[in-house]
């Protein structure tokens, strides 16, 4: 199971749900930047379980120990940054049945095939959503490096169970809407527990999640993410464009089943005259005057906010009985999944989407830098 | 501009719209398989321009010359397969204005930034849709190798301008629907020029495309693709899952702005009890009894057909005047794009989606093989 | 500073001489094999400092903590294996001058250029020989996996300060010499502190090292390494041959300045009729009847022992005064290197060479397996 | 058979000895540089066969056709550069026996194992030394790009059959010896057919080669290569240092069995006080005052010439009868290799070593650039 993403900036994730620890190694970070542990802890906390009735009750502090990659002043030094999170709260007995009776919607059965039964079953092993914790740690560092260059990353729950939040102000006139987008990002960063812009919609979403939980069921959702402030000219055509890199990274978030950039699937129903983003000259620079492309042309940033949405499927682990098979008897069987699970995983996927977007965006910047920004600036 | 995709199976694409030739190198192909040039030519022909009123009138034969990688009997020999397609029909003068006035929705301006003006402007250079021709050549070889193992790849125009084709029979009960899916694939392979299952819907789509063309405009569409017959157990969690690899590859097709697997974005509105695909035992083997997951669990194939859809934006090059900028004068300007362009690129994206799916699926099989199929079988 | 090697089997090394901890992540290990911590500890101990008068007196236990990648029974489970070694004995004050006055033969000055002064100076940072400890941990796991397939890895000090040990019996008739080679490997594994076959030669080497130490100087040496028992057919031509992979890995060992396979540089003075290894048929199988090629033909194993030698330069850190520059005053200066250093690093390079050879050989086996061994066998 | 080398700059080689054509794709070249076809042709000619009695009499023009990667003015444009060389002179019948009776010292037998008999036997297939022609084409472009930045690449036959040429002036005082080195490189570039500095030594080498040829035998040699003018600060520690990258690339040249940097194996017999290169300040800059390290410290260039030597084994294909096996009868047999072969391959390895050094050096520069040179400068 290779678990590495990135080109100039590489993130390797290790750990299983119930291993001693989980963590990651980040290679290729620019040197000389003091890691802000407070903002890392804040991102980690937003992902952590146990924050509300919609989330699993497994509680873990997820304290990040940086064991290498910093100098004695806490600044990055060019060497690989290794981060460790101890696993403190593991209840392996909950998973005793899984080896025998695979959970629908999970990788239990296919992992058993692939590794001939030698994979780690407990808690989903390396397939566990718990591995998004080190992703968030890596993403927090990348987000900080982007922030120091004027780039802001944000995400919200765009939709849950069919209930919609406001969309990001990122598809219209850049000048007019930039202010609106910043206000939205400020609102999301104000410490609210449930990551929506429109809090009334958020309450309805929470009701729907609670209803699913009472039904021993789960619901899905859509996460919208924006990276604002990237200079135009980052990326490459063919297979190393921004969309390629972001998409490959985002499908590393468990439960993601779709991704779209800018108008995305809606673009399929538009005409070119409406979808094309016209150019204009403002303050002596070229810019696009709207952003249906999601900030990307031919795989390369165009200066407008990078915008994408992720489809998150309903949590696979549900409490109600499900049809499975008994792999020893090789006959149909009814499974009741035990353990602690989120009735909707989408809220906790929001900070993960931010983290992954930050990783992919910083990697793209370092790997395929815009010519008119001195390449060395970030290196 | 790196232009390589894949792990064990690597495809490197070269060429520009108006270079002497275009082509690709395929590393890692299994040895000992005679390349079927007829089926390659058929796939190339489906992608080629000039097939109907909906397509550009640039006509090129796109004959593929295999210059290396075969032994004297025409079988793959383990060495890199290099394929060449001469560029015979280039009209560079059509693009004289582009260097000065970038086309909205194209990479002209961002490429100019990225390569400081040294990129090849003519015909879009390495960003051109023409580069999908070598992708089809590579895909044809991969599709043939999959076919020899009982795997069938197919795609169709799922939607154009809001007009829908039938969906593939791949989301319900595998046993009942496999027959239906095979019938659909047979229908698509019967030589029809316009790649839809429901030909009445296809005629309405063509009308909508023609209408857009008359309006000097363009329309988008959705391509649905299926890879049926992959064994369960191919893939990896995190960043090397089937979704990661297919998504990264598919965003290499120009104009693709979204991808979804199985139910995709629709899954965001489903409950877990409905979305989870239950297991059953049939003929002594485990299988899923429906396929909302699109054949993938935790990044690994589950034996059901791999199914995904691509959002294709409306063609950026439209004949009507558009707002752009004059990069020399640095002032707003009105652009009239000349040259030959498809009023809807989605029909020609259908064979390309098949090709890319075949490349990604064969690569995943070789890179992350299912344990219970002897690894060496394909090697 | 990317710090990853390997293809199917990837080892990523992290840590600095004086970071909190050092370690590595190993991706792609075959699943289902219980890690033998005793043999790992034995290899670690052979590399550890403080074993004799020829080695630095920095003493560290180098206990390896495996934090992930094992299941609850201690067997590999397919997930990345992450290993951690705490840094307990750091004396940063010894290195106060280095930032200002670079040590000749070290990377101090070039690292300062490359990372603009932001690299970690203490103890050599990520350039430190201490990073060979996690390499040994990774190598111990790989060596164990090779051993389970009948492959044996060994190394010895072939030469120190011009004093030669016996050569490995691996360049003559395989049948006659295999027994001799196994006896040599047994002798080296018998717990002797100084890794030579001929212990009398070893004593003279130690005298030469001690003499250099008394002179506040250092000496170099040659390490010879063998991997016996690899099946024929592993590897690839061009850039992924055994020699390419082993050489790239071995130059990751600090102080290595040369590598040669089989007869190596001596081959340059031989005739083809003498150098070519003839074939014969024994017990129904093809084999070579001598081994001047070092077990490799065209980048691929030929069934004879893989044999190579590494040139290890004399330790750069010597106590006697040296000509350097004061980087702040930008003027010549005399440097006296303080701290604890090995007067000859070659003895401690012996287990590292074994470790690196095991990593490279297992990676080659997994990445470019011989056809007639079922590929899946090791996966 | 993957056949790609490099990181930011990637070279993929394709072709077999007797395929229709051979060639390469170069990804990641800086844009905007007009390719000098004359200097490319000159390098190709030095590698080409048939130049003297010491070389094979197979004659091929080796004209390079650049099919993509240039704009209409012949300058690189960022897109992959694809180059093609037609195979015009193939005599497959010479190799009829090889499939049955493997040539000692060649990959015939191991390739047969590895690809289960499906590899291309004719002329050695993808293992053929003919594949060094596209390497030279790629290297010529890289050498030109280095030259435009003041870097000079050169190589010579350091030794043949024990007869030594002068060494390069690159191991002593940089100031004094730079002039001498430039004079040596000028001498080598003056059109002499046999690539030695000391032409008297060259005549004795040619006599030794001729003598071997008369004996139906072959001889080996040593190639010395220098890359002068690289700025200090290029490279990385661990596995991406200059030595790692150059070594991996050089073992891609057929017949190379060893590589050493600077003093190399001789360093193993030196003391640290002699081997360490002291620093000095000259013209306000830091520099080393001699160059026993071969221009590399900790994997990073130190501003002195990069210097390495390659051991080239005697040509494996010799005319005298050799002991082999009949793979069909599975019994010992006597082989007489037919065809046209060089009695010493080392002279033709000289331009290939230069080409490979240029590729590796440019890749290292682009991948791990020195901080104080604006990264963008070469991109």
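Here the chain labels run A, B, C and D in written order, and each chain numbers its own residues starting at 1.
Just so it is clear, a residue touches a chain if its C-beta (ideal position, glycine included) is under 8 Å from a C-beta of that chain, and two chains touch if they have at least 3 such contacts.
If you're wondering where the values come from, they're calculated on a predicted model, not measured in any experiment.
A.B. asks: Farthest chain from chain D, comparing Cα centres?
C.D. replies: A
A.B. asks: Give the rotation angle, in degrees and rounded to the nearest 5, that superposes the C-alpha atoms of chain C onto those of its identical copy chain D.
C.D. replies: 180
A.B. asks: What's the distance between the Cα centroids of chain A and chain B, rounded to whole Å?
C.D. replies: That gives a centre separation of 26 Å.
A.B. asks: Rounded to a whole Å, what is the gap between the Cα centroids of chain B and chain C?
C.D. replies: Spacing between the chain centres: roughly 46 Å.
A.B. asks: With chain centres taken as the means of their Cα atoms, state the distance from chain B to chain D in Å.
C.D. replies: 39
A.B. asks: Which chain C residues reach two or more other chains?
C.D. replies: Residues 1-4, 13, 111, 114-116, 126, 371.
A.B. asks: Which of the residues in chain B come into contact with chain D in the complex?
C.D. replies: Residues 1-4, 10, 12-16, 18-23, 25, 27-28, 31-32, 65-72, 75-82, 84, 92, 114-122, 125-126 of chain B touch chain D in their complex.
A.B. asks: Quick one: which bits of chain D touch chain C in the complex? Just the residue numbers, please.
C.D. replies: Contact set of chain D toward chain C: 1-5, 13, 102, 104-107, 109-111, 113-116, 126-127, 131, 159-162, 212, 215, 217-222, 232-241, 243-245, 247-249, 251-252, 254, 256-281, 284, 286, 288-289, 293-294, 297-302, 311-318, 320, 322-325, 327, 330-332, 346, 368, 370-372.
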